[in-house]
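Dropping the structures in below, format is C-alpha cells.
Here come two complexes built around chain A, the first alongside chain B, the second alongside chain C.
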Partner chain A sequence: MEVVRNAFDFSDFPKTDLLVVGCGLLFLLFFPLLPHSTFAMATMIQFLMFSLYGMGWNTIGGYGGQVDLGKAQYVGIGAYTTAVMLIRWDVPFWVSMPAGVMFSVTWSFIIGYPLFRLTGHYFAIATIATSLVLKDVFEVWDFVGAARGLEILATKYDAVDFTHLIFENDNYYYYILLAFFLLGILIINWFRHSRLGYQLRCIKDNELIAQSLGIDVHKSKVKTYALATAFVSVVGSFHACYIKNIEPEDTMSLDLSILIALMAMLGGAGSLWGPIIGAGILIPLKSYLKEWLGASAGLVGIDLILYALIIMVVSAVEPRGVWGLIEKIRARRT
Partner chain B sequence: MMKRFSMGLAWCAALMLIAGGWLVPSPAAAVKEVKIGVIYPLTGGAAAAGRELRAGAELAAQIANEVMDGIDMDMAKKAGIQSLGGAKIKLIFKDHEGNPTLGADLAKKLILDDKVDGILGCYHSSVTKTVSAVCEQYGVPMINGSSTSPALTKRGFKWFWRTTPHDKWFTKDLFELLDGLAAGKVRGVSGVKKDDLQRLAAACERTEWGAHVADLIKTLAEQYGYDLKKSILYAAKSADLSSEVRSLKAARPDVMLFASYTSDAILMVKTLKAQKAKPKLIWGQDAGFEKPEFRQTLGDNIVGILTRTVFLPKVADIKPVAGQVNQLYKAKTGHDLGGASARAFTGVQTWVYALEKAGSVDHAAIQKACNTIEIPGEQLVVPWAGIKFASTGDETGQNVLGSGLIGQYQKGKDGKIGLEIVYPFDLATADMIYPFPGW
Partner chain C sequence: MDILISSLVAGLLIGSVFALVALGLTIIFGVMDIVNFAHGEFLMIGMYTGILTVQVTGLDPLFSLPVALAVGFALGLLCYVGFVKYLLRGPMVAQLLGTFGLMLFLRNLVLLIFGSEDRGIHTGILVGKSLDLGMGVIIPATKLAAAVLSVLSFVAVYVFIHKTKLGKALQATALNRQAARYMGIPAERMNALAWGIGGATVTAAGALLVNFWSASPYVGLLFTMIAFAIVALGGFGSIPGAFFAALVVGLITEIPGIWDFFTYTFDNDWMADVPMNSFKYTGVYLTYFIIMVVRPRGLFGWKL
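And now, the complex of A and B:
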C-alpha cells in the first residue's frame, strides 16, 4: 500500500510545476488527435523512448551518481530477445518483453556485481567496455543474425496486431509507449521516496558516511542498476517491434549509450523531470534542426554544428542541466 | 468554479494549438510534378559518397526535365514525363546518416507527409533494408540504385527493385580475375601460377553489406579453390585499424580483399602502408575504394590497387553517351562520374522510364510498369546490357542485365592517377600492374 501511496505522492513539488506537468500530460494524451505530420509523430515516439531510457539511467546515474555509459547493451538484450522470440517462435510481445527484462536484469547482476567495486571514471570506462564486448559478441553470433541483424517483416502480420505489437499506424505505438511512460514516472516517483532511493542519494553525497550509517553500498548500487536496466530493456523490446529491424551497430552502439546519459544529464540528473526535459529538448531539436537546416536547405552538417553548440552552451552555463537552471532561478526569486 | 475550469480548458486548448501549429506540414503545391523521395547519407562517415550520389541523381533529373542537345538519350530529347503531360521530376532529398532507424523514419515521413510517388535510395544496404520494409508496408514503389547486399532481393518484396548488380556477381568477378591471371588471360601479365595467389585474407566492415561480402568471399573461395587464411570484420567507424592490419599480415596473404566505406578505406590503406604490408594484390569491393577522396588523400600510394566498380571514366571510350553525361557531371562537380554517381543517375533514369511506361502516378500502375520495364543498354551510362527486373523467383526485383567491372589505379601519361579497366578481359583499357608494386 505504501508503495502505491509513494508512487502517487507528488506533494513535494510546487503547484506551478504540477500545473505545467498536467498541461504537458494533456498535450501528450491528445497529441495524436491534433493535426500533425508523421515526422512529428516519429519525433514524439523518439522523445518518449528517450525519456524512458533517461528515467532508467537517472536512477543509478542521477540519484546514485554512478556515471553509466553502457546502457545500450540492455537496449540490445531487450530488443534481441523480443525479435528472436517473435521471428523464431512467434512469441507475443507481452511474453518476450518480460523475458527480455529477465535476461537483462540477470546480465546486469552478473556484470554489476564486480563492476560496482569500481568507482568514478573507472566505473564509467568499465561500463563502456562491457557494452562494447557484448556488441562484439552479438556481431559474430549467427543465432541472432550476427552483424546483419534481424528483420521483422510487418507484412506477415495484421495491420493492427496487439499481441505481437505490430501496427501499421503509429498512433497505436504512441499510446502504448505513453502508457509505459506514465508507468515509468510513477515507478521513479516511488523510487524517490523509497528506502533504496534515500540510500542511493546518501551514497552519492558520501559513500563512507553511507557505509557508517549501516547502508550496504554495494548491494544498493547493484539493486538500483537492475532497476535502471529493466527500464531500458522494456524500451529495447518496444524498439524491436517499432523499428522492425535491429542490428548490433544500431541498438548497441556507444553512441546510443552516450545519448541516453547525455539526455538525462542535460535535462538534470537526479531529478524526476530532468530526463524528460532533456529528451524533450534534444530530440525535437535534433530532428527539426536537421529538417529545416539539413539536406533540404542544402546546408548539410550545419544542423549538427548548431546542435553541438547548444549542448556545449547548456553544459557550460549550468552543469546540473536545465533542471538545475530552473532551480537556480527559483532560488534567486525567493 | 465553473468559470475557472472553463478558463483552464481554454488555456489548455490554446497551448495545444500553439504546440500543434508547427507540427503541421505545409500543403503541397499543386503543380504538375512527380515527387520522388531520395534518401542518401549526406552527413556522417559516408558523406563523401552522399555528395556524389546527390549530384548524380540531380543531374539525371535535370536531363529528364529539360531538353538537352548533345546527349544521345531518350530522356534528354523530351522535357518531363510525356505520358504524364510533361510532368517534371522533383527529387526530395533526405539524409539518413547511415542510420537504419533514421532511414525508416524518413521513409515514413516522405510517404505520409510529403506524399511522394516513390522512393529512391539508400546506398547503405542496412538502411535500404529498413526503408524498403517501410515501402513494402505502405505499398509504395522503391527503386534502389546502389545497395549491393544480395539479401535485399531475396525477401520476395513486391515494391522493391534494384538496378545494380549485387555483391555475389561482383565477388565472382574477382575470382574470375584471379583464375584469369593464372590462365594468362589478363592483358600485360603472364607467367603467374595459381599457387602464387593461393592465400587470401579479407577484412570487411561489419554491417549488413560488409558481413555479406565476407560470407561471399568465404563461399566463393572454396568454390574456386583458394585458401582463405583469415577473414575479419571491423567497425567502419574505428579510429584505428592497426591491430586488424597486424592480424591480416600475420596470415601472410598473397591477396588482400576489403569491403570498406570511405573513411575506413583510407585509414586501412594508410595502416597497410605504415605496417609495410606487401601482398601481390589488393582488391576493394567498390564503395570507399573508388571515391574521389580515396584518390586525393592517398595519391601515389594507391597505384596498383584494384577495385570493383560499375563505372569508370574509361567507360566513355566504349560508350559515347557515358562520355557526354560525364562531361556535364564534371562541369558541375569537378569530378568524373564514379560508381556511386553513375548508379544514382541510373536510378533516377529508371524512375523516368517506369513513370513514362506507367502513364500514371498510381502505385499499382508503377508496380506493373517496373515489372515489365526494359531499358536498352545503349541508353545507360553504365556498361550494362540494359535494365530488366526479375518479377518472380528467388531474386525478385533484381535487374538481370547488369554487370560489373574491375579497375586498377594507374598513373596516366599526364601524371594523374585514374582507374583503368582490367576486367572483363575484352574491355581492358591498359596492361595490368602485377604484382602490387608496394609503397
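And now, the complex of A and C:
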C-alpha cells in the first residue's frame, strides 16, 4: 500500500509544474490523433524511448551521482535477448522481455560488484571498458549474428501482433511505449520517496557521512544500478521489436551510452522531470537537424557539430541543466 | 619462433608510440584532475596534420613532426583557454560530458572538412624499406622510425619536466596546487601549459603513426581508450609509469600474434578456432577494468 501511495504522491511539486505536466500528458495521449508525418511519429517514439533510458540512468547517475557511461551494454542485452528468442524459438515479447531484464540484472550484479569499488572518473571509464568488452564479444559471437546483427522479418507475423509486439502501424508501438513511460514515471516517483532513494541522495552528498549513518554504501549502489539496468533493458527489448534490425554498432556503442547520460544531464540530473525535459529537447533537435542539414544539404556531420556545441555550452555554463536553471529562477523570485 | 619474436618486437615498437599517446593524458590528469575524452581526437588531428603537411609541402613524412607539435600545442592551449577553463568550476559530471562534447565536436569537424574515407601516406624515403634482424624477424622502417622518434620525444618531455624551472613548477602544481600557489606559481597558467604539452605530444604521436596507420575521423576513440588503459596501468599522473605501461599495452595488442605462435607450436585445433584477431583491443579494455578493480592506483601511481 505504502509503495502505491508513494508512487502516486506528487504533492511536493508546485501546482504550476503539475499543470504543465498535465498538459504534456494530454498532448502525448492525443498526439497520434493529430495530423503528423511518419517522421514526427518516429521522433516521438525515440523521445519516449530516450526518456525511459534517461529515467533509468537518472536513478544511479542523477540521484546517486555515479556517472555511468556503459548503459548501452544493457540496451544490447535486452535487445539481443528478445531478438534471439523471437527469431530462434518464436518466444512472445512478454516472456522474452522479463528474461532480458533477468540477464541484464544478473550481468549488472556481476560487474557492479567490482565496479562500485571505484568512484568518480575511474568508475566512469571502467563502465565504458566493460561495455566495449561486451560489444567486442557480441561482434564475433555467431549465435547472435556476429557483426552483421539480427533481423526480425516482420512479414512472418500478422499486421497487429500483440504477443510478439510486431505491428505495421507505428501508433500501436507509440501507445505501448507510452504505457511503459507512465509506469516508468510512477516507479521513479516511488524511488524518490523510498528508503533506497534517500540513501542514494545521502551517498551523493557525502559518502563518509552516509557510511557513518549506517548505510551500506556499496550495497545501495549495486541495488540502484540493478534498477537502472532493468529500465534500460526493457526499452532495449522494445527497441528490438520496433527497429527490427539490431547490430552491435547501433545498440551497444559508446555514443548511445553517452547520449543516455546526456539526456538526463541536459534536463537536470537528479530530478524527476530532468530526463524527460532533456530527451524532449535533444531528440527532436537531433533528428530534425540531421534531416535538414545532413540529408538535405549534404553536410555530413554538421548536425553533430551543433549538437556537440550544445553539450559543451551546457556543461560549461549550467551543469545542472534546464531544471537547475528553472530552480535558480524560482529561488531568485522568492 | 619467428612469429613469437616478431610479435614481441612489434608490440614493443607500437608500445613506444603508445607511450607518447598516453603522456599528454597523464600530465593533464596529474596537474588538474580532469579526464580528457577528446585525447584521441587530438591524435586524429595530428594524423591529418601529417597528411596535409606532406601533401602541401611535398616534404618527407618524417619532417611533419615539428608542424604537428606546433599545431598540437596551439590546439591544446586553445581548448583550455576557450573551453576547459570554464568546465573546472562545475561538478565532475560536467567535466566528463564537456570533454566528451569536445571530442564529438572535433571528430565531426574533421568529418565535415575531410569526409569519412580512410587516408594514409604511402610515400617517403622509409616506405618499403625494412630492417632484417635475422631469424625471419623483419621490422618495417616506418614503424622503427616512429618508435625511435616517440621515445626521443618522450625523453625530451621527461627532461623538460624534471630539469627545467618551468617543468618543476608544473610538477609542484600537480603535487599540491595550493602550496604551489603560495610559492608564487601561477596555477592557472600551469593548467594551460599542461594542456599545451598534452596536445603537442599526442598530436606528434598522430603524425608519427600516419605512416602505417590509416587516418579516419573515427580513429580517435580507440586511442582514447588505449591511453586510458595505459594511464590506469601506469598510475594516474605518473610519467615513468606511463612508459612501462605503454610497452605492456603494446604487447597486449600483439596477443593475437603470440596466440598464433602457440597454435602452430602445439598444433592445437580449438586454439585455431578462436577468432583472436577480433579481440585485438578487448585485452586493452579488460586490462583497464582489472587494474582498476585490483589496484586502482596503478603500478607506479601516487595520485588517488
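The rule is simple: the second predicted complex is superposed on the first by the 328 of 334 C-alpha atoms of A that agree within 3 Å, B and C clash if a C-alpha of one lies under 4 Å from a C-alpha of the other, contacts with A are read in each partner's own complex, and residues count from 1 in each chain.
In this section, contacts are C-beta pairs under 8 Å (C-beta built on N, C-alpha and C of every residue); 3 or more make two chains touch, one makes a residue touch a chain.
No experiment lies behind these values; they were computed from the predicted model shown.
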When chain B and chain C are modelled together on chain A, clash or fit = clash
Touch check for A:L177: first (chain B), second (chain C), both, or neither?
-> neither
Looking at the overlay, what does A:E139 touch: chain B (first), chain C (second), both, or neither?
-> both
For A:V217, decide between first (touching chain B), second (touching chain C), both and neither.
-> neither
Where does A:M265 make contact in the superposed view: on chain B (first), on chain C (second), on both, or on neither?
-> second
A:A126 contacts which: chain B (first), chain C (second), both, neither?
-> second
Applying the touch criterion given at the start, work out whether A:V67 contacts chain B, chain C, both or neither, answering first, second, both or neither.
-> second
Is A:L304 touching the first partner chain B, the second partner chain C, both, or neither of them?
-> both
Mind sorting out which residues of chain A both chain B and chain C touch, each in its own complex?
-> 139-140, 300-301, 304
In the complex, the residues of chain A that touch chain B are 23, 26-27, 30-31, 34-40, 42, 46, 139-140, 146-149, 151, 153-155, 168, 170, 243-245, 247, 249-250, 290, 294-296, 300-301, 304
In the complex, the residues of chain B that touch chain A are 11-12, 15-16, 19-20, 23-25, 42-43, 47, 50, 92-95, 99-101, 104-105, 108-109, 111-113, 126, 129-130, 133, 136-138, 151, 155, 206-208, 210-212, 233, 235
Quick one: in the complex, what on chain A touches chain C?
-> 61, 65, 67, 69, 114-115, 117-118, 120-122, 124-126, 128-130, 132-133, 136-137, 139-140, 254, 258, 261-262, 265, 269, 299-302, 304-305, 307-312, 315-317, 319
Going by the contact rule at the top, pick out the chain C residues touching chain A in the complex.
-> 35, 83, 86-87, 90-98, 100-105, 107-109, 111-112, 115-116, 217, 221, 225, 228-229, 232, 275, 278-279, 281-282, 285-286, 288-289, 292-293, 296
